[in-house]
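Chain lettering (A, B and C) follows the sequence in which the chains are written, and residue indices restart at 1 in each chain.
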Amino acid sequence: MFLFDDLADIQLVDVIEMLGTVAFAISGIRLASAKRFDWFGAIVVGFVTAVGGGTLRDLLLNVPVFWMQASRYIWCTVLAFLIVLCFRKFLVHLNNTIFWFDCIGLGLFAVVGYEKALSLDFPVWVCIAMATITGIFGGIIRDILINEIPIIFTQELYAVACILGGLLFSILYYLNIDLVVIEIATAVFVVIIRIVATKYHLRLPILKGED
Amino acid sequence: MFLFDDLADIQLVDVIEMLGTVAFAISGIRLASAKRFDWFGAIVVGFVTAVGGGTLRDLLLNVPVFWMQASRYIWCTVLAFLIVLCFRKFLVHLNNTIFWFDCIGLGLFAVVGYEKALSLDFPVWVCIAMATITGIFGGIIRDILINEIPIIFTQELYAVACILGGLLFSILYYLNIDLVVIEIATAVFVVIIRIVATKYHLRLPILKGED
Amino acid sequence: MFLFDDLADIQLVDVIEMLGTVAFAISGIRLASAKRFDWFGAIVVGFVTAVGGGTLRDLLLNVPVFWMQASRYIWCTVLAFLIVLCFRKFLVHLNNTIFWFDCIGLGLFAVVGYEKALSLDFPVWVCIAMATITGIFGGIIRDILINEIPIIFTQELYAVACILGGLLFSILYYLNIDLVVIEIATAVFVVIIRIVATKYHLRLPILKGED
């Protein structure tokens, strides 16, 4: 079938990635709706939030763009739209659940980004940069589309979680740890940093003093 | 001659595409001028409006960027600038004509985008996505550059016209209709949807209800 | 060492380019800080200001993205951040020095952009476009990230300096002048135009008159 992916090819990591995609898309759809975007506009912003970081990464790495290889990213965005459409009055009670998916998505996106650069033999700092870009650029493009200052630049530790996750990946990889262990450790590490940072409102300082 | 294209190579479809390019560029130049951009700024915004969608499409498809293969897109933008410069006080009376060119441009851009993805053997949903991106992303980047919320997300059916056009193309192609017939039918279909939607103010609904 | 470039490979032109990179990054970091971006946000905006134009150029030309081949662009951005962090109260007295580095950076970026397109046998107008994109797009993306209208579209001659520099390069190259002479002449020409334009507040006119 040309519109759907072969479900037999989908593995556990894909399921986690799809949860992250849905969570990212929901954040885009809600923010776009608050700005009175129409249905299609909300779906586009949701999709861009979910795949924007990975798209920029793939363009920079000059590899085929991931969401053009499988239609599930589009279907996850449509699902996210249906969730917001049907449950919008109750979504505020689901904020905690969505936040969890968002954290897990970030952890997984960081790992995927790191490994794509690693598989192309890029140096470690490019791998860390790709982990970070995969994690944060969807949200940046989302905020540009809704004409707001990107929130991740003023929020609790977000990009820093990706960078630290990338550093952990680099160290464990240098120590020849098994790849599956590295992947899980990195993703969990990113998720923990995000949760701790959000709970305790940890932020980076702001540069000021100039007039 | 290195600055101009060989006119002998230009065909009817190129002429229509150039009309669309001029119409798209005019919309960018007028909006940029209203924001007090200087001449060069207006030309850049006009150019980006005309070629931005196709540029993103070509980057995503990893094919040579179309406007770097022929200089006529730059000359069409310069022509659009001269039209706005010379006739700005009368342009408001030409709004109807410019709207027509804009619709025709959209129809043609959608067809061109679909066919580029099709010729690279992408699945049908990627073809539809490329038709839509080619049609709408120039306007989105234009609105980002002038620091406004992208109007196509709140306007009469615009992206939807590209999507429906892409669906029609897919169905006719599946039915083995002659390619020239498909191209004309798709472009005309997109134009008709745009005109009907504008005349009757057809819009997609807005998601709301959350606080 | 995998984090730093081999210093033995660095030549005079690289040193000048690094000065330009630092100057461009400082402008991004200062503007982001004024918008209350956190440290990481300021570094990202600084980095994007410095490398954004060259990144778009490399994507359009379909060549490996330059800052992924050498880590010095990241270190230059970190250095720029440390300069702003430590000397922010005195930076206003250094505005003149930073302006000089910025001008020299622009001249050099334009030359680098032109030559990359030339080495790929693109026609002269693509070379001029790449010189201009390399020079101006970092600043445009910076202004989009801080949610302002791109200043270069309303400012003293900036893009025009790149275009005129590109034209000079084209003429001298057509005349078979020695390449090193062309490079120096073009960069100096761009710097002079910028300085004269800034001193005498030379701007392009604005299109107006429409309602």
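Just so we're on the same page, a contact is a pair of C-beta atoms (placed from the backbone, for glycine too) under 8 Å apart; a residue touches a chain by one contact, two chains touch by 3 or more.
Everything numeric in this text was worked out from a predicted model, so none of it was measured.
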item	value
Magnitude of the superposing rotation for chain B and chain C (Cα, nearest 5°)	120
Residue-number overlap at the chain A/chain B interface, same or different (half cut)	different
Separation of mean Cα positions, chain B and chain A [Å, integer]	30
Junction residues of chain A - those touching two or more other chains	59, 62, 144, 147
Residues of chain B that touch chain A when the two form their complex	59-60, 62, 122-126, 129, 140, 144, 147-150, 152-154, 159-160, 203-211
Residue ranges of chain B touching chain C (in the complex, touch as defined)	2-3, 29-30, 32-42, 44-45, 55, 59, 62, 64-65, 68, 71, 74, 84-85, 88-89, 91-92, 144-147
